[in-house]
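Shown next, in structure tokens, is the structure this report addresses.
Read from first to last, the chains carry the letters A, B, C, D and E; within each, the first residue is number 1.
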Amino acid sequence: MNPAILAIVVIFTPLVAFATAMLFCMKAHRIAQGLILGGGAVSVVGAFLLLLGGPSETQSIVWLSSGSLELSFGFMFDGLSLSFGAVVALITFLVQVYSIGYMHHDPAKTRYFALLGLFGWAMLGFVYAVDLLQALIFWELVGLASFFLIGFWYEKPSASAAARKAFLLTRIGDTGLLIGILLIINISGMAHIPALLDAETGLTTMVSEGTLTLLVLLIFMGIMGKSAQFPLHTWLPDAMEGPTPVSALLHSATMVAAGVFLFARLHPLFMASETAILVVLCIAIFTALMSATIAMVETDLKKVLAYSSIGQLAFMLAALAAGGLLAGILHLILHAVFKALLFLCAGSYIHHFETNDMREIGRRGGRRMRWTTAGLVIGGASLAGLPPLAGFFSKEEVLASLSHGGYHLIWFLALFAAFLTAYYTFRMVFFIILPDRPLEADATVHDSSPVILGPIIFLTIATVLGGLILGPLAAILLLDVPHHSLLSMLPAILCALAGVFVAWWDFGRSRATRRGFVGAVPVLHRLFSRKWYVDDVYQAVFARFIQLMATVLHRVEVDLLDGGADRLADVTRWTGGWTARLQSGWVQAYIASGVVVVALAGYFLGSR
Amino acid sequence: MIATLVIAAFMILAMAGAIYAALVPHTLHCIIGLGLTLFGVAGIYLYLGSPFVAAMQILIYIGGISVAMVFALMLSVSLAKKMKHSEIKVILSSIAAILFLAVMARLIMTTEFPLREEPAGAAAWGVEQIGHGFLTTYSPLFIGLAICLSVAIIAAVLVARREADKS
Amino acid sequence: MGIPILSLILLCPVLATAAVMLVPAGRDQMVRWISVAFSLLALILSAIVWMAYDQTVGGLQFEEIVPWVPAVGITWHMAVDGFGVLLVMLNSLVWFTGVLTMWSLAYRVKEYFAFMTLLVVGVYGVFMTQDLFLLFFFYEIAVVPMYPLILIWGSTRKEYAAMKLMLYLLVGSALLFPALLAIYHVAGLGTFSMVELGRHTFGIEFQKFVYPFVYLGFGVLAGMFPFHGWSPSGHVAAPSAVSMLHAGVLMKLGAFGILVVGIRLLPEGATYWAPLFAVLAACGILYGAFVALRQTDFKFVIGFSSVSHMGIVLLGLNLGVLGVASADAFNGAVFQMFAHGIMTALFFSTVGYIYDKAHTKTISDFGGLGSQMPRAVTIFIIAGLCGAGLPGLASFWAELLVFLAAMKTYPILGAAIVAGLVLTAMYILRVFQQAFFGPRNPKWDGLTDMVGWELLPRAILVAVLILFGFFPNLILGLIDPTTQILMEGF
Amino acid sequence: MSLSAFLLVSLVLFSAGLVAIMSRRNLVTILVGIELMLNAASINFMAFNYYTAVDPVVGQIIVLVIIGLAAAEVAIFLSILMVLYRARHDVDVEEIREIRG
Amino acid sequence: MANVLLILPELTIFLAAILVFKCLILGLSVLHVWRVAFAGSLLGLGACLITLGMTGEPFHPGIYRVDLFSQLMKTVIAAALVLVLVLSDSPPVMRRDAWRELPFFLLLSSAGLMMMTSATELITLYLALELSAFPVYALIVLHRDRRMGSEGATKYMLQGMVASAVTLYGMSFIFGLSGTTYLSEIAAALPELGSQPLFWVGLLLLLAGFLFKLALFPFHFWAPDTYFSSPHPVATFIATVSKVAAIAVLCRMVAVAGWNEASIDGETLRIVLIVLAVAAMTLGNLAALVQKDFKRLLGYSAIAHAGYIVVALQAFSSLGHTAIVFYTIGYLAMTWICFMVACEVGRNRDTVPVSALAGLWQRSPMLALCLLIGIFGLTGLPPTVGFIGKWFLFSAALEDGQFLLVLIAALNSAVAVYYYMRVLRVAYLLEPAKEDTGILAPSPLVVTGAMVACLVVLWMGVAPNYFWEIAAEAIVALGATY
């Protein structure tokens, strides 16, 4: 089958499902659910068929022609898009299955599933996009889907505020991306990605080093917005207001990864500019450290996972920036798998205990939920980077690429971040499985329904066997498989184990203080728990500035422009009043003024 | 020589009468002033060679119009009552009038009119020329004047009659 | 094409006005059916024109020339190029949905529909005519009925708003009046036909002198930045269908006038003045967005968003004139005219519905409306997102093209405007959050959601937005050849 | 006597008429002013007739017409004056200022 | 015989007047008198239409000229007279015994005005001016409120007589300089005369009388007061018929100076006219902004429209004159409609305040629609003749580069929108006042008159070609006199 038609099927079935669900079966929940799941299944099968079909040349048609400008719409079937497309389709389908259980008793079920369908369409459209502009379009549609999904329970004020914040911050990032793309189109006259990336005739040859850095940094601004890197990351923790499957799907595995994917897609461009790489590395490593420190003091289960996602995304970006294309992509895929697993387990707990607080879950017998706890532990271990699991392989690759790239300081800081990751992950695990108070004996805690557990189990298996995909992925990406000596792997493993030990020391032990080593330094503790005051700074600076400008211009409108016009009208009417008073009713005055004017006119006529 | 003296006298009489009529506070004196002016103007017409028009002037103007004015005055207000004559109005109006006078005088002085070689002969001034003119070339004028006078009379009568009813 | 289809389209509203006037008093339903029938007929005819328009050739088609006052050189010269076809279709769409939106009007229905259809006559006339005098003739016919419409059927501060609107627009056309006459006399061709006037090249000094009069004259109606005072208060006071026509179509009249008279007849003048007016338009975009942030009334927010979006149209026109990226600029400007027209019509139609039911327009009164009126809210959200320039809806392509041209001509200015998009998103989302999301407000429990026929007009507009959002080449194919022709001047 | 002398006399008469109209209080005296202005015009016509006119009869006919019209004018003016007096019991120009604005 | 045929219109009107006078004397009923007068005016209109095509000089050549221009103007005057008579069928606003005299005086005045249009000799012109003025003075006095009627009449008469005296004075100078009183000979002697400043001052003084009738700037003071104080039909007559005659005479006077191709440097007079026109427009529009009385408002709008007409007059071009003739026809119809509404609404009121129009759309939709068309016309908005009329007027001015003047005129008409629209606001938005909520049912004759007038206003506005052709031919005929 021609890959283009298959791609169309993969991408547009979720859209069709979304449209039919929204328009026709708002009331019929079951049909809507079935439609969306069917759409999800078709796209999974299609994506894997495409993956098995292997890379083929891109196909596109001219979508918009204005004057000399030709913007195309089509699909790229290289290794990157096929592999990530398959992962996205798979996880979307799993979350849809999971949501059946999770959203079972929610009245607006149809709208939820329809929005998932919309998201599926947007994300897959973005992954296979061939044209920068087409990528931007689906990029913003993904943002839209996240807006609706975060604000799904719109009756909760905090949810709608979070949705608005998410949309605005991603929007700020998108502005940078849009400006970058517009400049690229203006300079190169085209937006066709393969043509841009072409070594001989691509963008790099057309433009000087300085402008290329500017363009690339503008695009990175978009990535920062979408993948929640340092300046624009504050929306991701708030996005946890949305239902947990949404957090699992969008805000950990797929949507936030779109930024990293775009980075990987335009990798040659980034590599061509030194300064850009340095900037990305610094931002990435700072984000990783910052998010890890905040996660250490966070008590909300989903918030911890959110901050860990920010950290892991920073790792991927660092790897890509350091030149490790394979490392970045591998970590991207594997992280999607085990982070989705962690979120689904968290969802299962929250679904059962109706609370996000880790300690509460632990105290009320979280560990009695066999499969969920197993998933949590394995997911946590993989996140920490313990050897046999998927996380270890991808983290190893990331650290290796950093050291190969020669960025030893960044490598060292990354190691420290890995240590912190392991620490807060197992802090979370110990909170849940080793609660400070002994469990009540008769707490009737039973594990979630099979429809929730199914995806968890599948992902657990995937996390365990994750490491195996290294070979085939390298093959499909046409990259050679890197071989690391045991010695080079040692520092990563040691850090992970140290992290686990310190976590056990602070939280696992029966006599543990359960306040974490950071508790010792109250200043740092407050800094981290207030999320480095970033939100407050934004609120104080930007929000107030916008409001101020709005008030000032509102005053300008009311007094100057509008008021000015009214003043002018009053003045005219006032002069009208006075001219009317000229009409004094006094006949002799009339005649006198007539005579005077005629005399003056006579004088004027006479003098010429 | 005497003729110029006589015409000068008539001119002065006319101008003095006019100014007197304009400025005297008492109403009846104003009409008397008008009478003098009209008499002066009649003299000027005589000098300008048309005795018939001078006669008409005296007959209609002094005989008819001035007397009508006196009757109107008697009907409307007691003769003796002297209207308060406001000074400012006189000053302002005379300024306007003098302005007009100056402008026109300068113009009259500076333009040279296409004078005829010698004034027309007496024959051209006879009454039958006027009659001939009225009936042939200027017939619409004659008819129009007749209509105009009759309309004025009818209008005056209809307007000024006692109202039949107190509506 | 044999039959004079353009005059037929123009005839529809004329006949509608006449028919409505002849309907005996009290028969409101009959009045409504007449208006719907004629507007539907006009819509079909415009669709036929769209289909029959030969896009490969571009240029003026469906030409009808009838001498009107030959002694002075006025001819009934009706013809339509790419832009004309698009805007005639816009007018038909907004008219048809406008009539449906006002279906529930009960107060003095006969006069209402008479005045409204008169307005539509003016708009059709302007988009179709190629005669300078008839352009100004129809331009004023379109402005005239606004006063009685707002005065009698308006709402907040209607008398003040109606008078302000009328004075602003007529002072604008007073500026235009001598300019058009000057163009006619200086050209000395003895004809008002814009085709000949277009061929005649005017003196540079003359163009520089007259162009600002033309631009300001038409710009006032197009809601250009410093003189937009009338449009927000006009929108707020006008009944919903009138503000649909007003913001949706009337403001495009101004922009179309600038394009046809200012840019086509006075190219050098346009190039000379373009930088100043481009900066003004850019200020308009940001200014409109900022002020919209502070508004407490639905219609005011939409009013100022119209000012902001019309700023994009004017920016596009001015950038096109500068010649750096004129193809994208002109295409973007005309596309935005259409897209913004449909979007604002949708906005006002929905707000009109909400106002009819809840009788209040202040945003803070509502809250959690999503639960009571899900359909109305969804439609409003679609319109809002289109305003925020979201892909998949028509405005995205228009704004993209204009921003593209802006980036090429003035990169810093372009960047500032693209940043302005965030502001647009901010005030749109602020409205969503305050009015639609948030806890359910029991006060509005009595509100009923949109029923079948109420949904029809809004559904049509949404479908159009999405259709041209997904397939922009449908429009660009139509207007691109005309832009090429227009571009020869720059 | 030269033509301009006559013209000056008529100008003086005209200006006196203007002053009378603009400054007098009693409407009858204002009528006097109007008569003065008409006479000024007649002098002009007679003077031009005597010095410059192609056919001298024209001026005389004009003056006769003017005299006729002046009489008609006086008739209508005084009748309206009577109505005014009957309505207001005075003929003062200062009083009739109700209609204004 | 041919001569009689030439002056048929004036003759018919005079005969009708005499007939009416006979009925007056016999003391027949008001209705009978009115019916005779109305029939007479219709006959007069018929006569004008018959003689429309004829040209000739009935009396001594040069005094009284009958050509297409004068006959067109007479037809317009006759039509206006018919329309005014339609409104003056026993109007309660006049004294009961004056009802029978109203048609008589109207007929006489119209006859005088008709004579004015074709008089081409100065003194005939003056005589016609006086003849048309006297009946109007008489009519204003016959107001039922004697105080107002007498005051209004006196003031109007005073200013009228001063203006005609000034005109006469101006005529004397022109007679002196050119030696003749025939316009054709004056035009022939123009080239040398043009150099004499006294000639231009004389011409200005001559125009004073007619600018007074037109209500242009220095002589405009009478318009608001007289419109306010005179009975409604009389005000209609003054606003429409006498204005048309004034415009006709002004066109003829300016044509004397010849059109710009042959004329000498009439530049200075043009500057004076421009200044007067701008002053009239600005003063008229500004003062009207604060008016409370509808007729007084129409007075100020008449001053403003005088300014617009003089803007075209000062162009001294055939296009300008054609535009003026075209606009006069339209202006007559528009003003008549507004005054018709004033007459109907203020039937038994001494004055017609704008508040009396309140709720007109409820009291009589037909009148409201007519008012709408009339007001849109006066404002100069498209479907009506006001728009295209103003377009041609200002086009004439702009033909020789008066951009600033046209801009001022256009801005003035934009300011005028304010007070015109306030009238519509009162008529269309407000509820009728408590005491006058009765349904207004105008008589069928008035309704037909209104329909005809509205039809003319809209027809000329939308398809002006027919009227423009006639006006152009008339101006060609006017040009042929010199």
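One rule holds for everything that comes next: a residue touches a chain if its C-beta (ideal position, glycine included) is under 8 Å from a C-beta of that chain, and two chains touch if they have at least 3 such contacts.
Quick caveat: nothing in here was measured; it's all calculated off a predicted structure.
S.K.: For chain B and chain E, what is the smallest step count along a path of chains that touch one another?
M.R.: Minimal hop count between chain B and chain E: 1.
S.K.: Ignoring chain A, what connected groups of chains are left?
M.R.: one piece
S.K.: Starting from the Cα centroid of chain E, hunt down the chain whose centroid lies farthest away.
M.R.: Using the mean of the C-alpha atoms as each chain's centre, the farthest one from chain E is A.
S.K.: On a CA-centroid basis, which chain has its centre farthest from chain D's?
M.R.: Between chain D and the rest, the longest centre separation is with A.
S.K.: Tell me the chain pair with the top count of C-beta pairs in contact.
M.R.: Summing C-beta contacts for every pairing gives the maximum at B-D.
S.K.: Can you figure out the chain closest to the middle, judged by Cα centres?
M.R.: Chain nearest the centroid of all protein C-alpha atoms: C.
S.K.: Where the centres are mean C-alpha positions, what is the separation of chain C from chain D, in Å?
M.R.: Averaging C-alpha atoms per chain gives centres 65 Å apart.
S.K.: So how far apart, in whole Å, are chain A and chain C when each is placed at the average of its C-alpha atoms?
M.R.: That pair's centroid distance is 37 Å.
S.K.: Measure off the straight-line distance from the CA centroid of chain A to the CA centroid of chain B, and report it in whole Å.
M.R.: Roughly 103 Å, centre to centre.
S.K.: Taking the mean of the CA coordinates per chain, how far is chain A from chain E in Å?
M.R.: 78
S.K.: List, in ascending order, every residue of chain A touching at least 2 other chains.
M.R.: Where chain A meets two or more other chains at a single residue, that happens at 569, 580, 583, 585, 587-588, 591-592, 595, 598, 602, 606.
S.K.: Touching two or more other chains, which residues of chain C qualify?
M.R.: Answer for chain C, listing residues that touch two or more other chains: 167.
S.K.: Please list all residues of chain D that touch 2 or more other chains.
M.R.: Residues 7, 14, 17-18, 21-23, 47-48, 52-54, 58-59, 61, 65, 69, 72-73, 76, 79-81, 83, 96, 98-101.
S.K.: So which chains end up touching which?
M.R.: Going through each pair of chains, those in contact are A-B, A-C, A-D, A-E, B-D, B-E, C-E, D-E.
S.K.: Would you tell me which residues of chain C are touching chain E in their complex?
M.R.: Its residues touching chain E are 25, 67-72, 111, 118, 122, 133, 136-138, 140-141, 144, 147-148, 151-152, 159, 162-163, 166-167, 170-171, 173-175, 177-178, 181-182, 184-185, 213.
S.K.: Contact residues on chain E for chain C in the complex?
M.R.: So the residues of chain E in touch with chain C come to 361, 365, 372, 376, 381-383, 387-388, 391-392, 394-395, 398-399, 401, 403, 406-407, 410-411, 413-414, 417-418, 421-422, 424-425, 428-429, 463-465, 468-469, 472.
S.K.: In the complex of these two chains, what residues of chain D are touching chain A?
M.R.: So the residues of chain D touching chain A come out as 18, 21-23, 93-94, 96-101.
S.K.: Sort out for me which residues of chain A touch chain C in the complex.
M.R.: 62-69, 133, 136-138, 140-141, 144, 151, 154-155, 157, 159-161, 163-164, 167-168, 171-172, 175, 178-179, 182-183, 185-186, 546-547, 549-551, 553-554, 557, 561-562, 565-566, 569
S.K.: In the complex, go through chain D and note every residue touching chain E.
M.R.: It comes out as residues 7, 10, 14, 17, 21, 27, 30, 34, 37-38, 40-41, 44-45, 47-48, 52-54, 58-59, 61-62, 65-66, 69, 72-73, 76-77, 79-81, 83-84, 86-88, 96, 98-101.
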